[in-house]
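Structures for review follow.
Shared between the two complexes below is chain A, which pairs with chain B and chain C, respectively.
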Partner chain A sequence: MQKNFLKTNRGWFLGLAVGVAAAVLFPQVVRVRFVWNLLTLILVWAIVGMGWNVIGGYCGQVSNGHSLFYGLGAYTVGLAAYKFKLSPWVSIWIGVLISMTVAFFVGKPLLRLKGHVFAISTMALSECARIIFINWKWGGGATGVYIFTKNANEWAFMQFKNPLNYYYLFLVFALAVLLLIKYLDKSKFFYYLRTIKGNETAAESVGIDTAAYKLRAYMLSAAIVSIGGSLYAQFILYIDPSMLMTLNVSMMIVLTAVMGGVGTVMGPILGAIALTTISEYTRVYLGRFGGLDMVLYGVLVIIIVLYCPGGIVSLLGRRLKFGARRGKA
Partner chain B sequence: MGMFMQALFEGVINGSTLALVAMGIALVWGVMGILSFSQGEFLMIAMFCSFYLNLYFGFDPIVSLPFCMAVMFVIGIAIYKLIISRALRGPVLSQRLITFALSMVLINMALLLFSGSFKTIPKVMISGSIDLGFMVLSKQKIVPFIISVCVAGFMFWFLNKTRMGKAIRAVSMNKTAAGLVGINPEKTYAIAFGLSAAIAGAAGCALTYFYYIYPNVGTNFQLFGFIAVVMGGFGSIPGAFFGGLIMGVADAYTGVYMNPAFKYVGICVVFLLLVQFRPKGLFGGK
Partner chain C sequence: MDHILVIEQVTKRFGGLVANEDISFAVTTGEIVGVVGPNGAGKTTLFNLISGEFAPTQGTVVFCGTDITAMKAHVICQRGIGRTFQIPQSLDDMMVYENVLVGALCKRKNMEEALAHVDEVLALCGMTELKTVYAGKLNVPQKKRLEIARAMATDPKLLLLDETMAGLTATERKDAVSLIRKINATGVSILTIEHNMDVVMSVSNRVVVLVSGRVLLVGTPEEVTSHPDVIAAYLGGGANQDGQ
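Presenting the complex of A and B:
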């Protein structure tokens, strides 16, 4: 489709190489365990944010229930390891398949809805899933499941003693997703999605099968978010519905993308960096004052979203401005 | 039969609170087009307000109701002036996120100030129960229902008969045209937002009659409030009121006749089906 993908994006790839080099070296320089965990979480949120961005950012169908796929990914990996001793290397992809299947079946009716009603419906759906998982005895119920496999090979079961290994592994995943999004960014598929976002009726009238493309975008975004969920479960080695499938998680996913810049390639990554850093540092320094950390976090979110509706991307110079302006929901 | 009627009673009681929350959401949605995530938290603030008035001054929730509503009205207008009016200039998505972040701030502020423990008002003015033989009506639960109906009636009167109410409806139909005929949209928005907070305040104050008070109490009503609004038809205020009542009754019946654990799932499934066949809601025209 794009013969000159590498050639036309030379500058971008140069920047990426520098970014990756920095990402690889940074934890070697700053040898603090807290920072390593923070970086790993940033990667998880970046993946999830990029996933949401496909349907919410590019296609304009703002889903407030992506914690459903996040949870499905985490649960598939967790239960596969806990019940069947299956390596996450396999079960991540099973999780992707499950998420895409669910997205296929619920996407068809849901994507006919528009605006706030679509958002509320997706919220209701993930709420349903949360309650089903809470009452699912075999799957651990409300108490959740520890998924640590004893005496397992570190690499075969993706359970590392050294937290840096998680970081580097997740970096590979995040990079893969980023390249996929960058590749699709200028593809017909994503231009169709942008058209649908701009004006659905017009898109239909020029011959775009809007229902089919929305469904495809929904499935792709479900798949990516599911990978993020799987990795997160693998990182903390514990799954529980009240941690994975709440409205809060859904909104954090949306926030990650919005804060960085809706419908831009780099937006979710910048958003993940900003949001995770704020949330982790406030938690560490203010967490003991029961609730103060979340107050500060919420206030910061309000200020950033209020004064920078185009996301962090829109602040970063003229070159990226076009993308940011387009990103306004 | 007894069980059926009892469930109906409980459902209507819970539904009446839900109906008020839903009315507030519908008002903000209809007038400003914002999906307000902070409505449940306004309810929570009013509950704490009512609780502390009872604790320090011994006011019964019925007595403190007008005061709570006034406080919430002022808080609502302050929040509108401070945050929402600025958010309205931005994209729809950031408006939604801002109200969500606001709800997070309010919940955690309550957690910080009042701690997370469950509180109840120990002694209320009207208590006891009426035994009808086949069912028992708790007087404590009838009071919030009556308050809800009164507040809803007042709201209908206000929106249909008063100048300000008519202005709110005009702005919700067409902001520019309303501005042209001399209505100040900014002022109208502020009052609409304040009113929605005041309605939630009334609901919260009434709810303290029999319900626990804790910082997260609002989130229970939030999603159901949204669903009730969509059921009633976008931003239609009477629709939201009846949507709320129906939600409450449906909630009670699925709880009684099906596995209580799955009652939320039942409601959500019914909602998703309804939206498929009647995307404009039960009472939505066109």
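Presenting the complex of A and C:
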């Protein structure tokens, strides 16, 4: 199976090698701080988008509240460093456990809800979480917490003076998540998720425990998004609820996957590149015109979603069969 | 002779509507049993009760000696009851082989094993040529065949077929009948709902006649066709031979 995974995907791995090489060299060529920043954010959103894609894309359960897990990942890392001087190398995984536990308990009741009801409930859920965190004095409340650890070893505490270190480290994380998703793409697990998305009655009739598989997908999704949140907190060394746990963040997570191509391996990565680039540039160049950046950003998103509902992957897929699952193994 | 399926005094009410009332009969291992009855007689409801789509209001369903009445649909499938749907429930965004694959994965963890099994099932069902066609592109007869293939891929001991031949031409029907016989020859017991009387009578060992949610009669095809009540209630009752 392992051998086959490499063999049957030779073309894909070749493409990946080229992509990674480009990702490594690009910031060396373009030595602009803003671009480095942008590239690092793209990686965070790629991870988060891939995470959402598991439950929203592959399994078809559109969660509009994934900022909850993003926030949990960020807060765990932040508070662990601030309160307990704990290295993020450890606390990232604590965050993953916390997110999966929360996903387990909220997923059980929520995943019974269908379609829009589920979407709205998850939205309400993350809003509740945000309000709880705002009122949580020990956790920093509404003002948040700076998590910079003084005199700490750069690598041990993941606090780099050179911004490119963040980029390269996050690249490794993103790559790991991508390989995991690629591996799962043709697995029993993901085929079951696609079946659930396609038709739950049919899924049950071929012996799929739909409730159990949805829950597993939700937990895996939460875990990956949590890692994204942890890395983001580590990058900006600051946490607060109105930055991490808003509806905006939830929407951005959904859009990353939707724009790139829902239920595809490469979709969230392409979506992250497009969306983060658009949003960072509109923020910088139009941000001072009070909200104009958001308007333009919204319009661009609508255009892309309207004219290419299959996401960017589907545009490329028509010509290159690039990462689109219709390209058959 | 042991019974693979025993239905005991099963009743299903939808609010005030009694879709199945006090139904009792059994399927012997290895048998093909036909289920006939006019539209709305409760045939599909009966299948839904057996396959765990919903639980009966009263009564029990026993499969291979185990009471499966309260079990969920996916558990019942894992235990060995496969089913097709009257309205095909294909996974339109997946290719034919992937539709069958999700069935094959029911009893298999390993992908290669499952894919090998898919090839066998597709060959059995005469769908090898359609392997990489998207299910959404299939016509209705092909979709009905895909329903059978997907159910067969789960390695059922008992197969429930809900009007798999409605809308087929005479030649297609012949193919379908031979497929059912082939499946039965591999040791799978079959319960099949069919409107076409010629088909039911030729393929079934025994026939259950349902009228208004009740069992009117259980018997061999000869007994059923010659029974005056059946002629009155069903054959003579304006029900056409091909169903809708």
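Simple rule for what comes next: the second predicted complex is superposed on the first by the 314 of 329 C-alpha atoms of A that agree within 3 Å, B and C clash if a C-alpha of one lies under 4 Å from a C-alpha of the other, contacts with A are read in each partner's own complex, and residues count from 1 in each chain.
Following the convention adopted for this analysis, a contact is a pair of C-beta atoms (placed from the backbone, for glycine too) under 8 Å apart; a residue touches a chain by one contact, two chains touch by 3 or more.
In this text, all values refer to a predicted model and were calculated from it rather than measured experimentally.
In the superposition on chain A, A:S205 makes contact with chain C only, while chain B stays out of contact range.
Shared-chain residue A:P309: touches chain B; no touch with chain C.
With both structures placed on the common chain, the touch criterion links A:F289 to chain B but leaves chain C unconnected.
In the superposition on chain A, A:L247 makes contact with chain B only, not with chain C. In the superposed model, A:V24 makes contact with neither chain B nor chain C. Looking at the shared chain after the overlay, A:I132 reaches chain B, while chain C stays out of its contact range.
Looking at the superposed arrangement, the partner reaching more residues of chain A, out of chain B and chain C, is B. By the document's definition of touching, of the two partners only chain C reaches A:K186; chain B does not.
Applying the stated contact rule after C-alpha superposition, one finds that A:V62 touches chain B and leaves chain C untouched.
Where the contact sets of chain A with chain B and with chain C meet, they give residues 328.
Of all residues in chain B, only 29, 35, 83, 86-87, 90-94, 96-98, 100-102, 104-105, 107-112, 115-116, 215, 219, 222-223, 226-227, 230, 234, 259, 261-262, 264-265, 268-269, 271-272, 275-276, 279 touch chain A in the complex they form. Those residues of chain A that touch chain B in the shared complex are 56, 62, 64, 109-110, 112-113, 115-117, 119-121, 123-125, 127-128, 131-132, 134-135, 247-248, 251, 254-255, 258, 262, 289-295, 297-299, 301-302, 305-306, 309, 328-329. For chain A in complex with chain C, the residues that touch the partner chain are 1, 4, 186-188, 191-192, 194-195, 198-199, 201-210, 328. The touching residues of chain C, when paired with chain A in their complex, are 51-53, 72-75, 77-78, 82-83, 85, 89-95, 98, 101-103, 105-106, 109-112, 114, 132, 150-151, 153-154.
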